[in-house]
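The following pair of complexes shares a single chain, chain A, combined with chain B in the former and chain C in the latter.
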Partner chain A sequence: MAAITLQGVTKRYGSVTAVQALDLAIHEGEFMVLLGPSGCGKTTTLNMIAGLEEISDGTLLFDTTDVTRLPPHKREVAMVFQSYALYPNKTVAENIAFPLKLRRVPKAEIERAVAGVAEQLELTPLLGRRPNQLSGGQRQRVALGRAIVRQPSVFLMDEPLSNLDATLRLSMRSLIKRLHHQLKATFVYVTHDQAEALTLADRIAVMRGGVVQQLDTPEGIYERPANIFVASFLGSPQINLLREGLPRPDWVAEGRDVIIGLRPEDVARPGEGLATLGGRVELVSPLGSETQLEVALSGGSVTLRVPKDWRVREGEALEFGVDPARLHAFDAATEQRIAP
Partner chain B sequence: MARRLMLALFSALFVLYVAGPVLWLLSSSLQMESEITAVPPNWLPPHPGLHNFSAIFSAGDSAEYVNRGIAGFLPSGAANLLPSLYNSLQVGLWVAALNLVFSLTAAYAIAVIDFKGRRATLYTVLATRVIPDIALVVPMFLVIRNLGLINSLGALVVTYLAVTVPFTIFILISYFEGIPRDLYRASRIDGCGHWGALRHVYLPLSLPALVAALMFAFLTSWNEFLFALVLTQNVAAQTLPIIIAGFVMDFTTSFSFVNAAGVIAILPPVLLAVIFQRYIVSGLTAGAVKG
Partner chain C sequence: MRLRLSYDDRSAAILVFPVLAVLLVVAAYPILYSFWVSLHDIVLTRPLRRPFVWFENYERMLGDARFHTAVLRTTVYTVVTVTVTTVLAVGVALFLNESFRGNKLLNALLLLPWATPSIVNGLMWKWIYDPTYGLMNALLVKLGLLDSYRAWLGDPDLTLFLISNAAIWKQMPLAALLLLVTMKAIPDDLYRAAKVDGATVFQRFVHVTLPALKPGLMLVLVYETMISIRHFDLFLIMTQGGPGDASYTLSWLIYVETFRSLRFGTGAALSYLLAMLTFLLSWLVIRALGERNA
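Up next, the complex of A and B:
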């Protein structure tokens, strides 16, 4: 097992800085997710940890060993790619065995390891096939198999589920989570999918423009977003952000220019201890288990998710309650969170 | 309909234009001298026979100028034909092999490794091929002479490599760049160094390009005339094109003998093409990455 420490890690391509003085301590056995929109530097960070990209500045430690200048094959990490990256000229068994073969593991041992991994990932009937005879989900399982067969201490995953369809993505997500529990290795997982990040991570580092915006547990990121970017990046539908029309939490100083955030699900029937808001329902979208509403308030329009038994119709007036403690406040100028 | 007819007609004309000389070469190599020079010409051999070929293979045993009766005569230097064939083969194989070694490593470095001056290296290598060969003949002669290689097969191997390596690098780079980068990354993670990545990823996946490079180098060296003429002056190192051209420059020309020699000169490249054509297939990377 290995802890990964990035100290002031910077990546520059000519005059462009992709990752800027990144400090990040990933604990041993932790599932760390790097989350952010495309171009935020998350994959570059992962590639630097893997050794696939040179580090322009800063230090990278595995435990206490400096690996900053170590080539990838000497870092003992395993990686799963979005594109699967299976060797097309090798069979499934050969693909999985490849990392062991390079390490000159005895043949009998390789066979045992491959059989074990195949069993674990339900690949046994496919061992003789080539990658072009497999479906996307099967290919990604082979890629996972190739990664786990070496039992490395660090797993790097670069959007491994992005090319799979929605159902498959869910089952693969739980497979990865189970693997993490079984292997107890350090996982670094890159994604732009907030649902993946929230379900898988022990901690999430939300990145933008090569800078970590917030590093926290999924709950911390969702409940206490550090700034407007993080608040809007997580949550579906997006958090409602209004300058006016939402109650001002009492911890925000009078006269300060703020933006108030309200998560769509943080609403209830008007009641005791709740601030009551009213507006006109502009759009009703039933989602089965619940209903999504767009409601025009005095300060702008908000999206709400309410239980399906609310029975609202478009054009009607609606009153709803908001717990002021559940509101988020951000400084309008700096966009940073104003903590209670 | 008329369009198709025109297309068929032009195709036939084109095939005739391309294949005509080869067919005539084949046909005349099986004819006697008098039959070749007859008017009107004999398109098909009236009395086909292998006498010209047997003359080539027995030329080493006979004197310089031999009358072969109605079959024709042997040009002076006929005895050099088989040794020169062997020279050509040696040079061709060396060039094909060494060309691949140099080009593979260079193309891998330029296509895969991110080093300073990568583009500049590529352009410099390619720029050497912008200069016409004729302009290089004298400098090349001086270099080879100072290396003490004049009149040796080594002279030709070195010179031909200078011609083939830049092009081969160029071919391989574009092929390598088509191989998904993630495969390289995966191989590095799995435990390959640069040699390992070259061996396990780039070599097996670029087989068609490698075969093309082999053929290109062999054929270039097999057909080359200008440098061979200048750099070799005796039988020890002269290649097939020089010797065959020598037959024509005699004060008389034995068409039957020259054409039979021509057929022999065609055979190795054709054989090579037949052997390797099954490797020139695309689609080897299917299934590597999503797409």
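Up next, the complex of A and C:
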């Protein structure tokens, strides 16, 4: 196991700075997710941890060892790629065995390790096949197998589920989570998918423009977003952000120019202790378990998620209640959160 | 029964017909006619008597000592040319696959030898090897590696390799380009995965580059074999089969039989033997590479 510490890590490509003075402490055995839109520097950060990209500035520590200038194979990390990156001319067994073979592990030991990993990932019947004879999910399991067979202390995953269909993604997500529990190794996982980040992570680092916007637990990121970018990046449908039309929380000073945020699910029937809002229903989208509404308020339109028994029709007037404590307030100029 | 063709099939047939007709006239007819010629004893010094002799021409040539020499020389020349061309092409392709300043310019320059006409290439190397004013002599003497000028192409032990060198200079660029295209298609993630797995530069070449290069290598090997085995122009310009029989290859023998001795029958028979040899070698190369690929 290893803790990973990035101190002022910077990556520059010519005049472009991809990652800017990044400070990040990943604890031993932690599942850290780097989350952000494409081009935010998350993959570059992962590649620097792997040793696949040179670090322009700053220090990278594994526990207390400085690995900043160490080549990838000396860092004892394993990596899983979005494209699976399986060797096309090798069978499943040969793919999994490859890292051990390079380390001159005795043949009998390799066979034992490969059989163990294959069983763990349900790959045993596929061991003799080549990657082009496998489905996407099977390929990604082989890639995971190749990573875990070495028992490294750090696992790096670069959007490993992005090429899979939705159902497969769900089952692979739980497989990865189970693996993390079993292996107790440090995982660094890059994704642009908020659902993946929220379900897998111990902590999430939300990145934009090569800078970490917020580092917190999934709950903390969702419930207390540090700025408007984080608030809008997580949550589906997106958080409603209005300058007017939503009640002002009492912790926001009078006269301050603010943007108020309301998560679509933070609404209820009007009641005691709730601020009552009213508007005209513009669009009703039933989602089965609940209903998504678009409601025109005085300050703009908001998206709401309500229980399906609300029975609302398009064009009707709707009154609903909002708990002021559940509202988010951001400074209109800096876009930073105004904490209660 | 009437053959019923769909609209698409009919259009395709109509569009393909002109090309097919031209091919029949310029390719199929000469092939069949030359086979017909190879079964006759045709000598242009007595053009009116041309008896049908079945496979006598083939028999005679297969027993001819010149044919045995020619097969040996052709084999040596082909093996050397194809091997060196391919190895060099892999090296050059690997080099050009790296990103560095001036890469594009080098890519363009690489094609220059390939774009040079064969005759020009032959003359150029003949001058380089020239015993009185050749560049190679001058260079080696200036560098102190040689005491006095030598007649390079007059040395029977060297001739074949010197011609081979000229052929490699012209053929290697295309081979390198074909391999470079194959190399560019190898996903970068494979190299990154191999790096993380702990592969050295050499191991990455063996486990990632080489397997992916197989289709390109097969193309290069077959193409270069087919070209080298039938090479003629360099031999005509540089040595004319000599000194002695040092560069007496199959295509040179065909030329001598057909156009110097004017024995068209045996010339055609030899051409057929060469064609069969080309097919056989290409098939062997494809099979050897294909088996390891399966």
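Definition applied: the second predicted complex is superposed on the first by the 340 of 340 C-alpha atoms of A that agree within 3 Å, B and C clash if a C-alpha of one lies under 4 Å from a C-alpha of the other, contacts with A are read in each partner's own complex, and residues count from 1 in each chain.
By definition in this document, contacts are C-beta pairs under 8 Å (C-beta built on N, C-alpha and C of every residue); 3 or more make two chains touch, one makes a residue touch a chain.
Just so you know, these numbers come straight off a predicted model, no measurement behind them.
Visitor: Which term applies to chain B and chain C once both are placed on chain A by superposition, clash or fit?
Guide: The answer is clash.
Visitor: Thinking of the overlay built on chain A, is A:163 touched by chain B (first), by chain C (second), by both, or by neither?
Guide: first
Visitor: Please indicate which partner A:131 is in contact with in the superposed arrangement: first for chain B, second for chain C, both, or neither.
Guide: first
Visitor: A:105 in the overlay: touching chain B, chain C, both, or neither? Say first, second, both or neither.
Guide: neither
Visitor: After superposing on the shared chain, does chain C or chain B touch more chain A residues?
Guide: Partner touching more chain A residues in the overlay: B.
Visitor: In the superposed arrangement, does A:50 touch chain B (first), chain C (second), both or neither?
Guide: both
Visitor: Just checking: does A:88 make contact with chain B only, chain C only, both, or neither of them? Give me first, second, both or neither.
Guide: Both: A:88 reaches chain B and chain C.
Visitor: Could you look at A:275 and tell me whether it touches chain B, chain C, both or neither (first, second, both, neither)?
Guide: After superposing on A, A:275 lies clear of both chain B and chain C.
Visitor: Check whether A:78 is in contact with chain B, with chain C, with both or with neither, and answer first, second, both or neither.
Guide: both
Visitor: Both chain B and chain C contact which residues of chain A?
Guide: 47, 50-52, 71-73, 77-79, 81-83, 85, 87-89, 98-99, 102-103, 146, 156
Visitor: Mind pulling up the chain B residues that touch chain A in the complex?
Guide: Within the complex, chain B touches chain A at residues 114, 180, 182-183, 185-193, 196, 200-201, 204-205, 284-291.
Visitor: Which residues, counting only chain A, touch chain C once they are in their complex?
Guide: These residues of chain A touch chain C: 47, 50-52, 71-73, 77-79, 81-83, 85, 87-90, 98-99, 102-103, 146, 156.
Visitor: Show which residues of chain A lie in contact with chain B when the two form their complex.
Guide: 47, 50-52, 54, 71-73, 77-79, 81-89, 98-99, 102-103, 130-134, 136, 139, 146, 156, 163
Visitor: Show me the residue ranges of chain C that touch chain A in the complex, using the header's touch definition.
Guide: 187, 189-190, 192-199, 203, 207-208, 211-212
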